[in-house]
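Following are the structures in question.
In the two assemblies presented below, chain A is common to both, partnered first by chain B and then by chain C.
Up next, the complex of A and B:
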């Protein structure tokens, strides 16, 4: 039994870390501005394609892993300044529709630039094989992904709790008007916060491109689990996103082992149970947004 | 500033509706002009979802054919106009779009579909409405089997043809203990049925089978189960983006070094998106742009089609381009020959009419089940392509005659009742 359970547990944890980092990006943007970013998956795809193009032009995977998300941030901040910002004072429905439209346009743009077919993108040779863990073989790249995601999450936590800018961001989530009255330029906060969310999406996008396929629609496939993760973890809680992600990953993996046909629906069942028992999500703060 | 109100309940509603729409809403597709004197043909394709790349290539094939006909003056003195709809890879949406094409756009026929479940739903709607339907790319046996209709013709191969063209040679090459990775819908189930029939004739067995939902991104949970079953070969039945994800992850788990892979069908689209190290094995193929075995020696039409497609779109044509071209050309040829757009007349005229096209040999849509009877091929994958052409991935090794790999007329007549009005 152990040799069956162990690989699934490992897979579940890696998958969970993936969903967590995408969900944290979504949460960051949503918590501060109330924007439900339906184009989050498109920013993941964009970073994947940018990394692919960079590697194709001779740069290393490591450079691409950092550069592609950063270019994604530039695009993200531009989008925030020009398209999202005018909608901050409106109902969330407006920004949802706008970002949804943006994701459709992005998908078509990816098709025009990189073609309708997927493109081949591999991890670097050193990470392309599997290592033996004694009781099982596990892809080196997945272990690397888990490490990168944990480092990213810890770095984000330190940024939000130990730096002045991070503290301002958290304070702005609590009370934007007060933080503005104290002399903080909230527009800069919004832009940096949006960029931070996109950066995390970009990291996830490049890693996903190495692990899964890379096609115009690949990012959107990871968006729904990320939304479910946010709901399970609880809105307003970054820690909740981490726990939610791990739970979703484990539940999908375990269901695949025992009831494969229910693997897709299992995360929704989990979400329904959590919402019935604790409507605000596991670590959510009811009313945090208003 | 007053922050907009959003609470958990609203988030669930908005995010749920938004994401559902994101997976479902049609991609932006330009409409062709709607001049009254045009002859409209409905195109119903999976422009969103795991088969989007194939849908684009089928559309290119349709376009090449329509442009060629329009250049010659159209058909029955009318220009041909395509009305494209996205069925969103969903049988329910496919049925809605078929209704829209028939009732609103007044198309003379509907062509397209890749997902067999969508093919079946469109076949149902069109047969009731009396409109011809050519299933270009949905392979499930049912389309020309138990769920056949008088108005429905299929151009791509049936799952029975695919499994029987490849099963015997794969067993001979690798062994008779197979592990199947199967997409969990009509197409995958039909492939499994076909392979079970092959194995029953050669005394082989399926040592394990993973039924994977369409659109699976992470295959790891399925892959870790394979090693315990010790198969001779892993048969990969998933297609589209699922194929890419599956093979890529098999490589990362080190499984491609442990087990040979193969399958009843591989397409150029997902293969091109695979890293070189994850490409390999023997597979069934349905057409190829760079082999005389598939194009036919001296077939100038086929070679011109390949050259023109590359010149126009920058990409080589795949089997999808071929399915679409052949289907559209057959429809327009039949309309021109019968001087009619009546569904029943067209259907009768298409049956058993032999024709040549952009593939090797002569073919016909069989009268008893409306399956296009044309060869299938088996190919070995060349991971790196050939010098000067990195897309030249198939080394075509074998050609299988349609009659040798499809069920006989007698077998089909037991399950398929066309039910002409």
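Up next, the complex of A and C:
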């Protein structure tokens, strides 16, 4: 079984990186504004479809990989400014409900525009092959995905710890009023922070479209594992989201290999075990979301 | 509402629903849709008890609803039980589900409770989805409507009789719900919504109150699910999905959180609206999504909640709830305040 185990472990890591990056986007938005963004999966799907349409019109995959998430960010910030912003002073529950409604509308809109069935979205020719490592071979595209996702996470970490804006963002999570009193425009912070989360979702959405397929519900399929990732990693902790994502990815890929019938349920079992031992999640911070 | 006026409203609603079979041809709504309204109201009430009264974001009640449906479907298919037994089996399945999930859910409050409810609820969805041999998997399972009860009651029942069965269950549930939320137990739940820490300081074990509320909620959702399955003679995994939970929450918000009548109005508008809009356009889901957005942004206190304040004060509803109202246990609320 070893010749299956190694590739499946690698698949689990790639899957985990997806969950991690989606979970980080969710966490960014959740931590700063207390908004539970149920439409996060829709933004992934949107970016995927936009990339598909761009490539269909003759642009390169590389252009689409960057442009589609950016268009997604424009839509995202527009949504944030008009629909999410009024909910900031209310309970997180309302944002959950509102964005849930948005995701329902988006799903139907995708169906109208791009058809009810999945569309083919293949990686560019250069990434279509496989790399042989002697005892096994990896699809090049998955290695590429892993690299992009890791680079994105590292870049985000540097942005949050090394730039002035990133520091303000993190400070605002701690104490928004103080940051506002010190002269930072918190509304700009909110909008940029939301856009950042959507950008990560967009990148993941385009890559996932090439690996997992593209249909009106494909992004939403990644949303639930991402929420489980946030809960396992602990709310409020971005590092927790990375660890949680990798754990969830590995658990899913391993159960898919050994107990296929339990592949969907396994991550919930993992979540239950983690919560029994650590009710706040692995790296959950005291005081955030009770 | 004063006690006497409430009794009048209750009587009026009871008479109206009792005349349902007469009304349905005039409003071009099938009687089975009215049965669905009655049955769905129970599920909305189950969300209301947790969310509207106790302030817990119950975003996972479809799990108990679906357990009810599958409990009924499986017992009818494999054990050939009668209708009443099937409902009881469904209700029992839902309560057992809550007994299993409760200890996990109780660990957290606020929005975390909501996310845990969604996530753990999905376990049941995937079980129904995966065990194709038993449950029919994604295609769901069709089953015949069983005879009514054991012994002398072993007779087939038609749609009209089913409607009146749903009506009786609806009446019992409404009265029981009313009694529960007015009891010291119900008052404690409301107090937990307003300030759980303070309730704890008074020496009450809030975890235990919430657990009991969860079990009552699951019981109601289970009965609702079982009857829904028996109404359409069908069980399918999406009944267990968190989208279904979202729909229940929407109905509750639409009608008004923390009011009994809100749940009835919410279920009525949602079920009939869905029936009408679905026949006109295939884009029901867009309307549904827009309804979510409009409810949250436009009138978070729901139809009954907004009307109630209009009647009470003779003044338009303001966005913010006055300090006075926060201590009025009967006042319609924005969900989750003080969590």
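Just so we're on the same page, the second predicted complex is superposed on the first by the 285 of 290 C-alpha atoms of A that agree within 3 Å, B and C clash if a C-alpha of one lies under 4 Å from a C-alpha of the other, contacts with A are read in each partner's own complex, and residues count from 1 in each chain.
We adopt the following convention: a residue touches a chain if its C-beta (ideal position, glycine included) is under 8 Å from a C-beta of that chain, and two chains touch if they have at least 3 such contacts.
Remember, predicted model here, so these are calculated numbers, not experimental data.
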>> Clash or fit: chain B against chain C, after overlaying the two structures on chain A?
In response: clash
>> Per the contact definition in the header, classify A:272: touching chain B only (first), chain C only (second), both, or neither.
In response: second
> Looking at the overlay, what does A:166 touch: chain B (first), chain C (second), both, or neither?
Replying inline: neither
>> Touch test for A:93: chain B only (first), chain C only (second), both, or neither?
In response: both
> When the two structures are overlaid on chain A, which partner does A:231 contact: first (chain B), second (chain C), both, or neither?
Replying inline: both
> After lining up the shared chain so the two structures overlap, which partner does A:124 touch, if you call chain B first and chain C second: first, second, both or neither?
Replying inline: neither
>> Taking the superposition on A as described, I'd like to know which of chain B and chain C A:36 touches: first, second, both or neither.
In response: both
> Looking at chain A, which partner touches more of its residues: chain C or chain B?
Replying inline: B
> In the superposed arrangement, which partner chain does A:102 touch: chain B (first), chain C (second), both, or neither?
Replying inline: second
> Should A:261 be classified as contacting the first partner (chain B), the second (chain C), both, or neither?
Replying inline: both
> After superposition on chain A, which segment of chain B among 38-46, 110-118, 218-226 or 272-280 overlaps with chain C?
Replying inline: 110-118
> Where on chain A do the contacts from chain B and from chain C line up?
Replying inline: 34, 36, 90-93, 96-97, 100, 103-105, 107-108, 224, 227, 230-231, 235, 261, 264, 275, 279, 289-290
> Which residues of chain B touch chain A in their complex?
Replying inline: 1-8, 10-12, 14-16, 18-19, 21-23, 25, 27-28, 48-50, 52-53, 56-57, 184, 210-213, 215-218, 220-222, 224-225, 228, 241, 244-245, 248-249, 251-254, 269-270, 272-277, 315
>> Which stretch or stretches of chain A touch chain B in the complex?
In response: 4, 7-8, 11, 14-15, 30, 33-34, 36, 38, 41, 88-93, 96-97, 100, 103-105, 107-108, 111, 115-123, 128-130, 136-139, 141-142, 176-177, 180, 186, 211-218, 220-224, 227, 230-231, 235, 252-253, 256-257, 260-261, 263-264, 275, 279-281, 284, 286-287, 289-290
>> Which stretch or stretches of chain A touch chain C in the complex?
In response: 34, 36, 83, 86-87, 90-94, 96-98, 100-109, 112, 224, 227-228, 230-231, 235, 261, 264-265, 268, 271-272, 275-276, 279, 289-290
>> Using the touch definition from the top, list the residues of chain C that touch chain A in their complex.
In response: 57, 59, 104, 107-112, 114-116, 118-120, 122-123, 126-127, 129-131, 242-243, 246, 249-250, 253, 283, 285-286, 288-293, 295-297, 300, 334-337, 339
